[in-house]
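Before we start, here is the structure in question, set down as structure tokens.
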Amino acid sequence: MRALVKEGPRPGMVLRERPVPDCGPSDVLIRVHHAGVCGTDLHIWEWDSWASQRLKPPLTIGHEFAGEIVELGREAAVAGLLEAGDKVTAEGHVVCGHCLQCRLGAGHLCQRTQIIGVDRDGAFADYIAMPASNVMKLDGIPTEIGAIMDPLGNAVHTVLEASVPGSTVLVLGCGPIGCFAVGVARAAGASLVVASDFNPRRLELARAMGAHVTLNPGGDDVLARVRELTGGDGVDLVCEMSGHPSGHAQAFAAARLGGRVNLLGTPSRTTEVDFARDVIFKGLTLYGVTGRKMYQTWHQMRRFLRAGQLDPRPVITHRFSLECIAEAIQVIKDGQAGKVILEIGA
Amino acid sequence: MRALVKEGPRPGMVLRERPVPDCGPSDVLIRVHHAGVCGTDLHIWEWDSWASQRLKPPLTIGHEFAGEIVELGREAAVAGLLEAGDKVTAEGHVVCGHCLQCRLGAGHLCQRTQIIGVDRDGAFADYIAMPASNVMKLDGIPTEIGAIMDPLGNAVHTVLEASVPGSTVLVLGCGPIGCFAVGVARAAGASLVVASDFNPRRLELARAMGAHVTLNPGGDDVLARVRELTGGDGVDLVCEMSGHPSGHAQAFAAARLGGRVNLLGTPSRTTEVDFARDVIFKGLTLYGVTGRKMYQTWHQMRRFLRAGQLDPRPVITHRFSLECIAEAIQVIKDGQAGKVILEIGA
Amino acid sequence: MRALVKEGPRPGMVLRERPVPDCGPSDVLIRVHHAGVCGTDLHIWEWDSWASQRLKPPLTIGHEFAGEIVELGREAAVAGLLEAGDKVTAEGHVVCGHCLQCRLGAGHLCQRTQIIGVDRDGAFADYIAMPASNVMKLDGIPTEIGAIMDPLGNAVHTVLEASVPGSTVLVLGCGPIGCFAVGVARAAGASLVVASDFNPRRLELARAMGAHVTLNPGGDDVLARVRELTGGDGVDLVCEMSGHPSGHAQAFAAARLGGRVNLLGTPSRTTEVDFARDVIFKGLTLYGVTGRKMYQTWHQMRRFLRAGQLDPRPVITHRFSLECIAEAIQVIKDGQAGKVILEIGA
Amino acid sequence: MRALVKEGPRPGMVLRERPVPDCGPSDVLIRVHHAGVCGTDLHIWEWDSWASQRLKPPLTIGHEFAGEIVELGREAAVAGLLEAGDKVTAEGHVVCGHCLQCRLGAGHLCQRTQIIGVDRDGAFADYIAMPASNVMKLDGIPTEIGAIMDPLGNAVHTVLEASVPGSTVLVLGCGPIGCFAVGVARAAGASLVVASDFNPRRLELARAMGAHVTLNPGGDDVLARVRELTGGDGVDLVCEMSGHPSGHAQAFAAARLGGRVNLLGTPSRTTEVDFARDVIFKGLTLYGVTGRKMYQTWHQMRRFLRAGQLDPRPVITHRFSLECIAEAIQVIKDGQAGKVILEIGA
């Protein structure tokens, strides 16, 4: 089969012929139809310090995908809950099931997580084998959307870790996950969704996803506008998707007394925090978002998608074949892309 | 009546004769029996930058107290729920009842809070008038303990803003509120309570309040010991009561994946935070603690005290008369005191 | 002023001249513009056993209203948060603030609740005096809608006492509050809202409020249809608004394993419950809904209304003057009315 | 190996030689040391209507046990988290992992649950094979206690599905699980634990587990005493463990306004409920308890046991060998037993 492989400790990926993976007794084998390209894949392509410390080449890349079941392991088959021909997507975090976090229902924080495309072979390939328990049926959701339920799930996790109906929400950073967060907040009944980014193209996508107001810190006084829009109170929930220290400062300042800041954007450096003024006297709650809750997040997301309450398609801006991975990486680097899809099979 | 008054914009307080306060229609007038001296009172005594910006002298100081009702305003009387002769304590935050926070049940974060002894006349005096809604009966709790239910309530708020039964708890900083937090965690069914401070006298008090293990960062490797005591997982809950940036770093490192850090200690400067490593990838929740929940915290505290599950008396180390306020301030400055009580009336 | 008064222990109400109420120090005096007529008012009109045991005539009736502040008591004025000319509505439960429930933030369950129009003079009059803390500004919401925020709040309380975004909801009983519940569930991001009633006119109103599917137990197999619509799982949340024992049975059967049944409809007789089959083995949660959370419910409702997410107007079917109360009562008895409004002042 | 087997559709069980079970790729094989005999086993012995409809003989009985791992399947071994020689217990509900409830973290309500000793071969035998994910290490807890962590977990689930620290708790019915609930409530920081039963022997066990007050409805006015002990308020939490309609009535009446009734005792007939008076106007929450949360309940229970906060041993009143099952069943029928243990291996 074809696979995009990181062959050694250096930038780039190459398209190679690799054997179709074995399907273990608890696994299903999936024919990949669509895959999503993520910022993480960009780090891997560029072989930055994080990637070089974490990955052990050779490795097939890719962790966002959807496709069709073509084979089931003995134990996976016996349950009768998944069948060959089912269109599916999968949680890319393969977890141990035994650590404290797994036992507490926080598998997304498993101490022994193996991420596909990072710690084990991934989904930029014709086939991938996944533990059956990680696999979810699409039940009519197209595989193109199924392929981006991983990052969409990040947004669902970030937004729904708050009481959203009737709330005011500020999304800082309108990359694909920020734009998704806008749509999730609207679907979940937020009364006001404000989105902020320096990039006008991204603000367009945020508007397409339902932002009531978009702000550009290049020209707008974000804090002043947020206060004005909220009668001086500040917002109930900030979704920090930018990962910039300036985003953190803005998040703490924009949240209302007793509000909440859910942080997903991963900063590359430290932030100075005035805990007394910004957290303690404000009675704030901060929450660090990793992955997707296994599997509440997936369930909620599937409900939103199937009911037509959430449509992530405006954020999909580019589609490429496996062969054109270099172009896919380039449009992400250029900062003009929303979500980038690889069309692999059918 | 006698009152300890900040007369002008300078250090110190003076004992003065002042008129007994008026008792408005919704108020009760209370004869003060005992009062607690707080770190805040030390800032006010020393007239530091916070105090000089916030206080408008002349002002009677003191916000922790208990005593006996001697008069009721017309509306306070008609309800029949409070009576002359009742032994009571009171929440010192007088709130507006109308702002967003008050309407959401978060009166402790009221946008128009007036704190007694800071924004309006306080309790280091023979009498104080309080809105009846701020007043709670002691129902058998001695006034000496009633006088410290304000800081004890800070500890109750900090600890109970987590699921405590069966949990592992690290208390960083063993001033009076840290020591109280140890006792609250034990009362609430924590399985392991570890307390840390540089001051051996404070660690003694923490042990007297029920700490299973006390650590001194001067000699102990706090993180290594916490990991060892928790089978490598880290603790479920950190109560950050030190207010030191080093305490913050330790808090984030000591909390388990998916754990919680409740911050009460108010730092005087900023902290460098590695949000990616310490909050986001760990899936941590941080919570800033202000005051006491009005009035869930008071209810829970009263239950613990009346049932004998929590006894804060080991932390009371000194008692003074109103006249000896200078000595009371001095023992706090010396760092050898637990909780310091003023004996005012009877 | 004019007032609709229950003069003695017998059916009916009469329009009388009464003195304008006194405005106490903590009160505001409100000129009533619109009032809502409720099923409770029907019980009072008919002087049923509940009414005859609870009310002490003479009494002005009416507990749903909105209007304009015309006078403020001394303490109400000093805060500066409410002003003459403000358009307002009010929570009709006047609570003690001191009982366990009030102290726990559950004032809607206060042990000493006094309901206007039931335990003290009410709002079917030109003026009413209310404690300032019960009063909320309309901030642009028309008084006609303000006048029905009491029953609308019942619906908000019922629906939002569950995690609604992405959920499936069944509303049993489509009287005004049931219809409101449909709209609230939609506003809060439910993925599927099914409404059931025997009355085709009420099902029309439910559809107007956004029900995806309406069912008539007269012809539809409600349980079979609910299972079909939910892939066999049953619904996440049932709002039981009918008060019929058959509604209870249907509620328990229609809820999914681990689901929730929030009960607001007040039955006039007992229900046989198979707790083993219907509650314990299903892991259900049942919740009894009284009034409105004070004041979270009001806040959420105001957000929904001001953002245009919720529009209760389709449910308003009739408007009468104070003089025509007998006609208003009659249309409610006839079962063809949605919400009935009294137009009192302007 | 030896196994206690229900051979056909009739009362009793017989001791038989059976082959040691196969250990599948995801399974571990466990040498059983101790097992607990449960009321369910009594129903199976007597072949009542529930048992005759549910069980398909021949079947090895028993679902409460602990022992030692002697073999690991290929996938179970590769993880390295369990090893031969580990002392373990196991959740007896084998769940599908794919249904709505499993995906929502409510595996205890799985639509396809298979219970050992009921739907598949059980633990009254020398060996049992269990899915590795159901198995938990005892980490020093003796196997005799490990063998009763299933019913102890029922109690943990019942009690901890409430906010216990500082609360008042009434336990209705002091069979083994009721007695365990008393101990769990004390461990979790309840301020008052009242236990009620007609059987004086059971009340003794409840006192041994830490009940502050025990009541016998034969002589005590339970409601009057509960009101007296709670200052007229009623209790925060009722644990209904009796399964009697009279227990339900008492539970609803004894709970405070806004309180909670968690129901575990499974009644054999229906109950008349006055929902208006007892649930709706009281603002009660009712919760049906099935099994143990997978696996939060197990984690909390292990914490309590390992910290010495909870000691279930006073409730263990009898021990028998496998051969003496008839005697074990008889002492349970006689109503004088607490928990009955089978000593199987070592």
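Letters A, B, C and D name the chains as they come in the text, with residue numbers starting at 1 for each one.
Please note the rule applied: a residue touches a chain if its C-beta (ideal position, glycine included) is under 8 Å from a C-beta of that chain, and two chains touch if they have at least 3 such contacts.
Keep in mind that this is a model prediction, so the values were computed, not measured.
**Q** Steps needed, at minimum, to get from subunit B to subunit D via touching chains?
**A** 1
**Q** When C-D is set beside A-C, which has more C-beta pairs in contact?
**A** C-D
**Q** Let me have the rounded angstrom distance from the C-alpha centre of subunit A over to the C-alpha centre of subunit C, please.
**A** 41
**Q** Of all residues in subunit A, which are in touch with two or more distinct other chains?
**A** 100, 104, 299, in rising order.
**Q** Which of the residues in subunit A end up touching subunit B in this complex?
**A** Residues 100-101, 104, 106, 108-109, 111, 233, 243, 248, 256-258, 263-264, 266-268, 270-276, 279-290 of subunit A touch subunit B in their complex.
**Q** If we count contacts the way the header does, which residues on subunit C are in touch with subunit B in the complex?
**A** It is residues 24-26, 74-75, 79, 81-82, 96-98, 100, 103-105, 132-133, 136, 295-296, 298-299 of subunit C that touch subunit B.
**Q** Name, in rising order, each residue of subunit C that touches subunit A in their complex.
**A** On the subunit C side, the touching residues are 160, 164-167, 187-189, 191-192, 299-301, 303-304, 306-307, 309.
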